[in-house]
Amino acid sequence: MYALTVRDHMMVAHSLPHPAFGPAQRLHGATYVIELTIRRERLGEEGIVIDIGEATTLLKDAIADLDYTNLDDHPDLAGVLTTTETLARFIADRVAGRLPGGMYSAMDVTLREHPDAWATYTRQL
Amino acid sequence: MYALTVRDHMMVAHSLPHPAFGPAQRLHGATYVIELTIRRERLGEEGIVIDIGEATTLLKDAIADLDYTNLDDHPDLAGVLTTTETLARFIADRVAGRLPGGMYSAMDVTLREHPDAWATYTRQL
Amino acid sequence: MYALTVRDHMMVAHSLPHPAFGPAQRLHGATYVIELTIRRERLGEEGIVIDIGEATTLLKDAIADLDYTNLDDHPDLAGVLTTTETLARFIADRVAGRLPGGMYSAMDVTLREHPDAWATYTRQL
Amino acid sequence: MYALTVRDHMMVAHSLPHPAFGPAQRLHGATYVIELTIRRERLGEEGIVIDIGEATTLLKDAIADLDYTNLDDHPDLAGVLTTTETLARFIADRVAGRLPGGMYSAMDVTLREHPDAWATYTRQL
Amino acid sequence: MYALTVRDHMMVAHSLPHPAFGPAQRLHGATYVIELTIRRERLGEEGIVIDIGEATTLLKDAIADLDYTNLDDHPDLAGVLTTTETLARFIADRVAGRLPGGMYSAMDVTLREHPDAWATYTRQL
Amino acid sequence: MYALTVRDHMMVAHSLPHPAFGPAQRLHGATYVIELTIRRERLGEEGIVIDIGEATTLLKDAIADLDYTNLDDHPDLAGVLTTTETLARFIADRVAGRLPGGMYSAMDVTLREHPDAWATYTRQL
């Protein structure tokens, strides 16, 4: 099994309006450092899981309308608690929707919100 | 599948009194940077695997009586070779004993002992 | 010359309402990883620049009312462009105001806003 | 399940002579930071997956004839597109060939080629 | 005093044909992670040392014709021992040549060649 | 001005028997990640501050009798409070004693004791 990971980041505002989140209920923000991992059983003739440039573009496109915004105002996230876990899935599903079927086996998206906490969503492809 | 990771550290003395360990048979020490990962199949209504603050507290409680000590004197570790692998399991089992049943699927504890070596223990929940 | 550095972070929303800042004019956010360095010519009898716990508390106190907020609403930052450089100085000056005079020679505050960009403010003490 | 990871690096020249690789078709180079992870279901009497020194030596031996070379001239890599994925497998298979059978369950080799891209090969043992 | 740092990287082949360099006399390669720091006494009305986007472009332009090449073939480096120190100065001087005079006080360029070694060149502006 | 840095680490036990140090008065331990920086105004004909291998050996030699020991038992540290700052100076002075005079201008030794705290000692040469 092979895996290829690319990394990018986004800088967003958001709030988590649920009593469970203490001070994070207030409007605040985060730099999310994002790792996209794509897994594949066998390599093709080029000897790669996916081209690094192509994977980088897939990730960048998936976060382009989130970066430098207030997630509370994003129409696709209306009514969603934008926890790190939820955002990881949101980004993963966006990338998955643009990958060709039948080639890759699974993917992970990890969002690092600060040096001591991060979350990962893993899904089949 | 979702995973949430929190990170902390502890600063301990210990020795590894077995001929396999060369100079580490002597009393020496380590800063163990510790990552606790908790895995869960589905998120609850709050959109999280576990609250980051709660996970941080679970990890801190699990290492509180180890931090700033000589592990060779710890009653729960008497006669135990406190290798990185063994300590990872010791901490994981302590955390697991305080997690509610039926909610989480698995956990990992990784201990980084220096920039070029680390160990992980993974268990079901 | 000796230096002691402690590290913490804060998660804030803000906007940079000046045409120079492109998309950062919009409300967005950042995890600022913050390093506070205190410099001193000679050590005291305890062999330290400053106690690590005390330095950690100084930094935490200096950012307590910023963390998990929207900086655009902070009264002390009204009308201020909260660039990384400006925030570094704001935090440094707050810490400096609580350090005893005549003991330390200089300090730096570095704010890392993402893996590929950071800013430092250095001042005499 | 336990895992032990050691880390090393190598500094190589190579080219990727296939139209898919754009500017990387030219002779260029990389510092590959390499992580070798060995997995094992149960620990032996010494409480370790594998001795850290032994794992470090296994990895160093596996890359000794690659480090400080031009991979395009290596006889074992003639006609091979030395992508990060392919090199990860090449190193993993070399290490696997020197591990005793029946003791370990799986291994990973991760090669980090720059801060924003890395690849992993995972195999059974 | 303020400082702003941006980071990028380049992947190059080169050799160091001098008996002092042991195995590095052979053609090999490196990923150089490059940090460009620009220092300034006072901030302008925008509250910045230099725009992060502009600094990033300055650095990228300074390394564009080096990245994905064999430095041994670069006309501007003919007869030069392309040590990490020398490359740091080469890049710094290129950036300095494109900065406006009278605004900045100093700059540093750091090249990290592997996790355990890096070099910095510092110059006045 | 040029600087060259190499990095190593040591794993030690020690205690800090002074009331200022709270729980660190007890026997505990640390992995100190150590960075040695050597500064020089002009490069020699080889284009380097100092050979990376030579600097690495200088640092390794300076910590060889500390690594995997209990610093409380080291004859050269009898009666010394082995704070991070004090150890940084101890190592720096040892390295300085083995450097040729008249060639280098200054040096720094940084000891990182955990991800959120480190100390540096700087001296002229």
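In this document, chain identifiers A, B, C, D, E and F correspond to the written order of the chains, with residue numbering beginning at 1 in each.
Everything that follows uses one rule, which is that a contact is a pair of C-beta atoms (placed from the backbone, for glycine too) under 8 Å apart; a residue touches a chain by one contact, two chains touch by 3 or more.
In UniProt terms, the chains line up like this: A, B, C, D, E, F = 6-carboxy-5,6,7,8-tetrahydropterin synthase.
Being a predicted model, the structure only gives us computed values, none of them experimental.
Chemist: With centres defined as the mean of C-alpha atoms, identify the chain lying farthest from chain C.
Modeler: The most remote chain is D.
Chemist: Superimpose the Cα atoms of chain E on the matching ones in chain F and note the rotation angle, 0 to 180, in steps of 5 degrees.
Modeler: 120
Chemist: From the options A-C, A-D or E-F, choose the one that repeats interface B-F, i.e. more than half of its residue-numbered contact pairs are shared.
Modeler: When the residue numbers line up for over half the pairs, the pair is A-C.
Chemist: When the centre of a chain is set as the mean of its C-alpha atoms, what distance in Å lies between chain B and chain E?
Modeler: Roughly 40 Å, centre to centre.
Chemist: When the C-alpha atoms of chain A and chain B are each averaged to a single point, how far apart are the two points in Å?
Modeler: 27
Chemist: Calculate how many whole Å lie between the centre of chain B and the centre of chain C, each centre taken as the average of the chain's C-alpha atoms.
Modeler: Chain centres of chain B and chain C, defined by C-alpha means, are spaced 32 Å apart.
Chemist: Which positions in chain C touch two or more other chains at once?
Modeler: Residue numbers touching two or more other chains: 7, 115.
Chemist: Provide the residue numbers of chain C that touch chain E in the complex, in ascending order.
Modeler: Where chain C meets chain E, its residues are 18, 20-22, 80-86, 88-89, 115-123.
Chemist: In the complex of these two chains, what residues of chain F are touching chain E?
Modeler: It is residues 1-8, 43, 46-49, 51-53, 56 of chain F that touch chain E.
Chemist: Which stretch or stretches of chain D touch chain E in the complex?
Modeler: Those in contact with chain E are residues 7, 9, 11-14, 23-24, 26-33, 67-70, 113-115.
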